[in-house]
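The chains carry the letters A, B and C, assigned in the order they are written, with residues numbered from 1 in each.
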């Protein structure tokens, strides 16, 4: 049983979070699927049969199936989601969905505005967008408390906004202006705001994991009821810091949730081409850490999974969550993504979570088409306003260049501009002869 | 001679070496399907297949170390590290293994590998993506570090690096990729460890490498045109080994030197050059050696701050004029503006 | 009306080429429509419309290359105003005036010589103390100090015009013009060596062909002087006994009709014996790239000879195993040959140590430049009678001075001193020179 990862996971989920006994769990594997279908018939689109197969397969079997797994990863996420015990009412779900839609549309319009400003050379550097990731962003961020912390990577604009940072300040950061969330020092990749407990976007793949682990250590050290969430891309699972951090977090029982945003591509490399085990959540088994995989195109699924993960972390059991979503554009604004086939591109358009949620809201009569359109208009205006704010914000003054060299004033700190001489020429005192 | 970009020259040279020697193969992130972050390896996967062009996971330490191991068995891996900033993740393998294996085991195993990686700021890539840290490698005995500034030198040095039996860090530069120049058609490798006098002159010696060698040449040419100055330009080409003789001989002739570098001033490569001049040409100096380097800050994202932090043509010209004034040259135009 | 500008579609892009227009004047444009394919420095990319309207004009045709920010088309969006949001400040990578169609790329950093924007170097460490001046109180550049030494200039007469009052090369112009050049200034009658025209009236300079041999000598000597860190140790030996012994030996030789021996022959053998005792001096440094140096087991001594071909250094191999008489014969033979038909390469190679003796010209002492790849050279002066205190009396004794030039990379001062002590001892107890077994 312990070697049977998938079942082990479900067992843990069942027994710890859903008050099922092992016996019940073993008996109701298929019943569970039915329950889920029944409970979520309005919203759930997942194939329960697939889930059951995955749950039963041993690690060995999954490894054997590695090659064909590529398609499975790219096409349909295998969801290890277990039906929440309490079935949400349609009204609550509806309010939540509308709220999600509002936020997702803000991210969508914000990112599109940023892409445009980038091509107009108003934004510099690299510019990685959350397009296609909106449902994941809002689902994850809605599960965090204000007092929880977030560490993220360089694809972070949406996360920053959902942590509560004013879109104006996020856009101003992209423009490198003084009103930017990092005062123009960080740019697209490096937003930071202690007030909203966004502890940074990081540009070196895997760099944020040890930091997040350390932040969780500080929380544990102080005996606080807070949690750290640390997001990363799928490519990050292959770098040393991933494994070192998961091991330390599990070893020390740290309150941290690691979230792999699996959009199927690390730049232009598919997960199957980069990862010997393309089902990344399974890597947690090497560190005796609970893990699950969730559909990142459905904000509600993401929310619930994140809630489970955070609840686990809050009790000192770190958690690995793999969220499978899409990257609608290239790796960054300037990547033409020519490695994608026309079929993939067509598939992508169908998977776009924003119009899909709009269609669902209208179909389930939660909102009218006009209301959906109005939200779009509002958020487009919001993004435009952020852009106008950013353009109007001042450029940092060159005199501030050395202001952040050290937190502690120090003697002999170099504050020279390029080409400045080391020593000023001083007139030689007259020598009497 | 063919006029080509630095980018195209690197591509063509890699391809030619792969055709010439089947032991030459490429490894790196996004070099195959994605065709390279800077498109140096475009088309090579299609031509040579995935045995010769290996896309790697994001695992700098892992694949750089694997290249070292493959080189120990006689293959000639050419590793691309997306930017020199990411080479920090492989620093341990490079410094503790690539540079050590030949000596540590008494010369029994060679490590004939090349690490290609671009440095360079100025693209608003922020603090962790704009560093010029070739010094870390140039500091290490056992490593060879070369830094071409023109397409022709890129070809000659890449040929030399691939055919060399030691680990060579081949420094490229983001700002140079689109520059063009004459590239010889023949396959003559450069001699690693030799600097180049890219412009002869008598008034002052201007020393740089990579992007700063390019700037040095441009500034010297422009000042010749506008001010009639006769500046000698040395392109170091090789940071380790360092061609001290060429530097010292030039300063003996010109009696003054300005050193340009894209890294930080304190402990930077320019410090080594200045010390060399002090040792080898002390009696010939008519003014102190000046260095022009990056402001010593983590690179800010803001364009305004980034521009202020990076050495510009004006900074170079300022340093040249101040040094020439220090040796008694009275310059007509710019001389008065910064006294 | 909206101007559509050349977008930045790659992070290293500075300009782009129009690959093909997907829309043509008059076409209706919706947001997201592909307007144009643009070839960047990395790839060809689709560029989509951000605004809806009608394409009214194409400004840059297919195949042309323009910098980022250059208008490439005009879109009629039904409004008359200009671009909705003009950039608050022009970004550095998109020059506002960059509208010209270019065919060559702008350099990564275009050079324009203008007054640098950055004025005074503001924050520099203030130097409180005055800058260092030399021990003579004169504040001069190293070059000036060298020139002053070479031309015997009095720098205290010079007013420095360099930074902080430093005397710089330019301040010496007048002084150098009036300074006595190393060549004698009074008119002398000199033999005409060359037939070429006078190329410099003031110096009455004529061109003389530099022979290949001379060029080789010149190159090797400058290489040696520049690349080898020389240091010099001088010793003086009492040669009284040596001179008496030589007189004795030569009397015997004369009687037997043998070649007379010279002081130099004795010094060659003495040096060879001293080298045998200090083999580290009989060594070669192989350069900075080598992890080893060479210590030579054979002692092959070069003897610098001034010949009509210039300075040549024939080598006496195994000088330590030859008798003084043998050395004398061989040295004489080599010197004769050097001045005659010349020496073979073989006769001039393989040396491990050189002796240069200018004693015959009356030179008391001098320093020599190491003959690479050897590690040291001995410069021997004349053996002269001079007053010496012996006990409480001043007496006339023969004395000889010699200076060892050593490569400091492999020979330290103490080693050089020990070598000279051994050599001095041999000269002062000269029977050991002839008596020691070869």
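We take it that a contact is a pair of C-beta atoms (placed from the backbone, for glycine too) under 8 Å apart; a residue touches a chain by one contact, two chains touch by 3 or more.
Small disclaimer: the values here were computed from a predicted structure and weren't measured.
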**Report entry** Chain occupying the most central position, where position means C-alpha average
**Finding:** B
**Report entry** Chain pair with more C-beta contacts, A-C versus A-B
**Finding:** A-B
Query raised in the report: What is the distance, in whole Å, between the centres of chain B and chain C, each centre taken as the mean of its C-alpha atoms?
Result: 24
Query raised in the report: Once you find the CA centre of chain A and the CA centre of chain B, what distance in Å lies between them?
Result: 37
Report summary line: Rounded to the nearest Å, the gap separating the Cα centres of chain A and chain C is 60
Report summary line: By the touch definition above, chain A meets two or more other chains at residues 124-126, 395, 402, 415-417, 419, 421-422
Requested in this report: Would you please write down the residue numbers of chain B that are in contact with two or more other chains?
Outcome: 35, 123, 125, 303, 312, 315, 318
Query raised in the report: Can you list the chain C residues in contact with two or more other chains?
Result: 11, 13, 42-43, 91, 118, 121, 163, 166
Report summary line: Listed in rising order, the residues of chain A that touch chain C in the complex are 116, 118-122, 124-126, 332-334, 336, 338, 387-388, 391-392, 395, 402, 412, 415-417, 419-429, 431, 433
Report summary line: Touching chain A in the complex, chain C uses residues 5, 7-11, 13, 40, 42-47, 50, 68-69, 85, 87-89, 91, 93-94, 118, 121-127, 130-131, 133, 137, 139, 156, 160, 163-166
Requested in this report: Spell out the residues on chain C that touch chain B in their complex, using ranges where they run on.
Outcome: 11-14, 41-43, 91-92, 104-105, 107-109, 111-121, 141-146, 161-163, 166, 168-171, 226-227, 289
Report summary line: Touching chain B in the complex, chain A uses residues 124-126, 173, 176-177, 182, 184-187, 189-190, 202-207, 235-236, 238-240, 266-269, 273-275, 339, 395-398, 400-402, 404-405, 414-419, 421-422
Query raised in the report: Quick one: in the complex, what on chain B touches chain A?
Result: 29-30, 33-35, 37, 55-62, 85-86, 88-89, 123-129, 265-266, 290-298, 300-305, 308-312, 315-316, 318-319, 322
